[in-house]
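Structures are listed in the sections that come next.
In the two complexes below, subunit A is the common chain; its partner is subunit B in one and subunit C in the other.
The block that comes next holds the complex of A and B.
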């Protein structure tokens, strides 16, 4: 019994640094911001009043917040399928035994390890009027906006989404590649003996085996996409005409720029609930899919 | 052998705690020595470029030599997140003793009571320093002008000649600017008559305001209770700005500056940062700076001015020492040397500005002439909200989402609601 208690205490002692960090820098701010979302707290202000659900009610009547939610939803829906499919395609390609595969793997991964701010600055130049991408589109006879991609209200958000897909693909490709490497070769050999085509092997062996990693990728990517901020902060500051205003940028602007921390906290919690809902739905869908497959 | 992991761990933790305690005591004793001897001042500032930072460091060294009882810690901020850092510092009681503030930030901080009232300093130095307006709230003064900046018009004279504009002088009136811009734009891509700021947050409104003010318009009434953007002067100014944008190139400030230096734009409104770039890499065409054009001959050209101000934290334990350091920084010699290093022709110190006027060239002199009649945004605690409404109106109009009248009426309603809060 004493030995058991001793072991538990040792385990607890080793976990303590992480628990302290978690409580101080994650749990406490999380709970404190929940409390703030029910107050009229303004940064630098000495008085704070409890106002119940007023911030939440005001949020759903605020056209700017609804616009930010709409843009965020477009960003999420418009990037995740492309990122996932392209990453899977790239993983299948670089998984083949072709000369120079290592170079391709590293090459595709480079954007993911480069600073997002640096990438955003580079793309701001590429997207500007007279930038390489605009010139390339002109050369290919594709239509380009009059003012550069990031200054047109119809192309600014898609331009940021395209950049994001390009940056994220490499990282998710690597995860898919790890998943592909873990599929036993014997399963493909057995399928070949049974006369299965390449498509059958992909559809019946590769895809089902990749389901856990795909769930992880979609989940992580959903959370990350809902929280899109740096790209918007560096490239457009939410403009033009709020066409790239996203939910996290709205939180940042209301909280740190306009000092309205209570209102910003409420917006952050609405976003948190939406992300949680999406995550739960995704996990349920994949779980159902897995049990059906089994 | 019996393993007693808990005992081993306890012993290890005891040793670790002892070492940590010893280290803390050592550190504390070092800190106490330093604290006892000197007044510690922290100064947060934005001048990080290698051209200017050594000058600021030189001021600190010189000041420390003159005041051996004072030690100044210089902390760098960046424009991308400096405002947030200052906000967080003030809200967590971790503010520096002295902080450099942008002119349009002062009132929002002053309104929250975190800045020291320097009205007495103002009364004693009112004639020595220019442009106190952005630092004033409800009759008190909360910051000290340090370095000023305004916007003037830059003209590419070569492009004017290529477009057969028969004049050796830059456009002086709205009519000339619009017509000459149109003629340069007719040269075809990549040439444009006017460089118009696009939907850039915190920048666009600064480019519209000179047209509003020069046309006799106002954002809010003199008593600060009513929005005046629904008046005919404001509507005409926005109509004109939209026309000007339509014949020009709409881009970000950085791209406009680049394209002007590449000789592709006839006229742009820009600040003294462009003078610095011109001095470093002179372009291969004739250029001239000029006052921002006015509606009619004889009208006064009113540009936007902003600047860097020095503020002292209300909670600083060394407010007097901080004020003394600020006084040194805005005095004639350091102010002149600082503006020379920063490439700014507009120091806040009147004597320094006079010295600058004697030594500067005609292009830089335009800034000193323009700032004489320049104005700044209204000193209102809710300015960020007013700015957002104004900027949205200009944005909607130049993107032809709504007419200038509709845009300004919507902005007027929003701003009146903000003023009524």
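The block that comes next holds the complex of A and C.
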């Protein structure tokens, strides 16, 4: 009996770090921001009133917020297909038995372990007026904006997106590579006996087998891309003319810069719901894909 | 014959991609060590290139820049050590003990990984203020001491370890804490190394949380300092690239030394969740 209660308190003590972290730094903030989203809370105001859904109603009439949602959607839709396809291509390339495969693998991965702030700084330089990417485009005869890519409304967001694809594809390449390694060699050998070409093998064995990992990659990349912030903060601060303003930047700016915390929390929850919706849909697709494969 | 030609073409393609991938980092190093850097003229840069450490000297003399390096090192070390100990404890409890609500609690660990951080930045900012931790080391360390991914890694690993040694020690009357730290922990060394490398690198590069939880220049971590240096006045690129180099070098070194572990950590983390 004594031993049982002793065991119980040990279990509790071992779990305590997680219980504290979970409740204090995850669940409480999650609920607190939900509560804030129904109030007019501002950091410096003396009274806080419960205003129901007013923040949410205001958000959908706020052109800046709608612009931020639009930019975020463009960012997500415009980066994920490229990142995924390039990552898969790179994985297939480095998976072959060729001299220096290991060096290629590591080299492609380096941008994704490097600090995002540093990457954003380097690209700010490369994209600037007289910077090398601008000069390269000039050299190739492509039109370039007068004040550099990041100061033009039409090119700023695509420039940030291009950088993000460039940074992220090495990371997802690694995950694809793990998926490729888990495909049993015998399947290929059997196909070869049937006289399948490498093209057939790719479409009939490799691609279907990679489906789970591909869906997983798209899922985590979606969640991550919806939250794009650091690049925007370092490179453009949402400008020019809100053309790179993203949803999380909007939350940061309204909540922690202008201290309209109730309003910003509502914006955060709208984005949260959008992300959860996407995640659920993708997980559905994932499940359906798995059950049909079985 | 046709095959080798195709292979060569692919190989050259891969090399081109590799160069493209590393060029921006090379550009950073190039600027950081350059005596007369001019971001607008490559030929001028290449022809009159001479290596100097002046940019590093000048960035280190910027007030609080050195301090930000120290801050990053302190915070990174504390968070890494904390995660090693706490994830071991929690992971062990999940792997070995039976208790009410275990399944549900384990789901919270994986579930939290799905929560987008942006939803908690405002309440976390308010909470840290209420606790009186704003702009202190506590704000930069305490909320990040138990990483859910670390718990998953450890629980999984411990589950696959044999229980015999632990049972024998228990019969000999050893306490649970002693079993954990003198028997289980040594066996967990490989996975703890994976975790430590992962946590340290993530923390070393982290921007958003350290940025919103501190305000004074002397409490900034290195990435925050870098982002703010750029905003201050006319950008001094060679100086900024020197600062970036200081921030990148440790990560690249750690990567080169622990490459296998980093990769296995990332893949394991991905496949587990």
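We adopt the following convention: the second predicted complex is superposed on the first by the 275 of 294 C-alpha atoms of A that agree within 3 Å, B and C clash if a C-alpha of one lies under 4 Å from a C-alpha of the other, contacts with A are read in each partner's own complex, and residues count from 1 in each chain.
Keep in mind that, in the parts below, a residue touches a chain if its C-beta (ideal position, glycine included) is under 8 Å from a C-beta of that chain, and two chains touch if they have at least 3 such contacts.
Keep in mind that what you see is a predicted model, and the values were worked out from it rather than measured.
Chemist: Contacts for A:130 in the overlay, against subunit B (first) and subunit C (second): which applies, first, second, both or neither?
Modeler: Touch partners of A:130: subunit B and subunit C.
Chemist: Does the superposition put A:44 against subunit B (first), subunit C (second), both, or neither?
Modeler: first
Chemist: Mind working out whether A:76 is in touch with subunit B, subunit C, both or neither, as first, second, both or neither?
Modeler: A:76 contacts neither subunit B nor subunit C.
Chemist: A:98 contacts which: subunit B (first), subunit C (second), both, neither?
Modeler: After superposition on chain A, A:98 lies in contact with subunit C alone.
Chemist: Once chain A of both complexes is superposed, is A:256 in touch with subunit B (first), subunit C (second), both, or neither?
Modeler: both
Chemist: With the two structures laid over each other on chain A, which partner does A:178 touch: subunit B (first), subunit C (second), both, or neither?
Modeler: A:178 contacts subunit C only, not subunit B.
Chemist: First (subunit B), second (subunit C), both or neither: which does A:36 touch?
Modeler: Once the two structures are laid over each other on A, A:36 reaches subunit C alone.
Chemist: Counting touched residues of subunit A, say whether subunit B or subunit C comes out ahead.
Modeler: C
Chemist: Identify the partner contact of A:153: answer first if only subunit B is touched, second if only subunit C is, both if each is, neither if none is.
Modeler: A:153 sits against subunit B, while subunit C stays out of touch.
Chemist: Check whether A:238 is in contact with subunit B, with subunit C, with both or with neither, and answer first, second, both or neither.
Modeler: So A:238 only meets subunit B here.
Chemist: Which subunit A residues lie in the overlap of the subunit B contact set and the subunit C contact set?
Modeler: Common to the two interfaces on subunit A: residues 7, 10, 128, 130, 256.
Chemist: Help me check something: in the complex, which residues belonging to subunit C touch subunit A?
Modeler: 7, 10-11, 13-14, 17-18, 21-22, 24-25, 27-28, 31, 39-42, 86, 89-90, 92-93, 97, 99, 105, 108-109, 112, 114-127, 143, 145-146, 151, 176-177, 180, 201, 204-205, 207-208, 212, 223-224, 226-227, 230, 237, 240-241, 244, 247-248, 251-252, 255, 259, 262-263, 266-267, 270-271
Chemist: Residue numbers of subunit A touching subunit C in their complex, please.
Modeler: Answer in residue numbers: 7-8, 10-11, 14-15, 17-18, 20-22, 24-26, 28-30, 32-33, 36, 90, 93-94, 96, 98-99, 103-104, 106-111, 113-126, 128, 130-132, 135, 166, 170-171, 174-175, 178, 216, 220, 223, 226-227, 229-230, 233-234, 247-248, 251-252, 255-256, 261, 264-265, 268-269, 271-272, 275, 279.
Chemist: So in the complex, the part of subunit B that touches subunit A is made up of which residues?
Modeler: For subunit B paired with subunit A, touching residues are 4-6, 9, 13, 83-84, 87-88, 90-91, 108-109, 112-114, 190, 198-202, 249-252, 255, 259, 384-385, 392, 395-396, 399, 401.
Chemist: Given the complex with subunit B, which residues does subunit A contribute to the contact?
Modeler: Checking each residue of subunit A against subunit B gives 6-7, 9-10, 13, 43-46, 128-130, 147-148, 151, 153, 237-241, 256-259.
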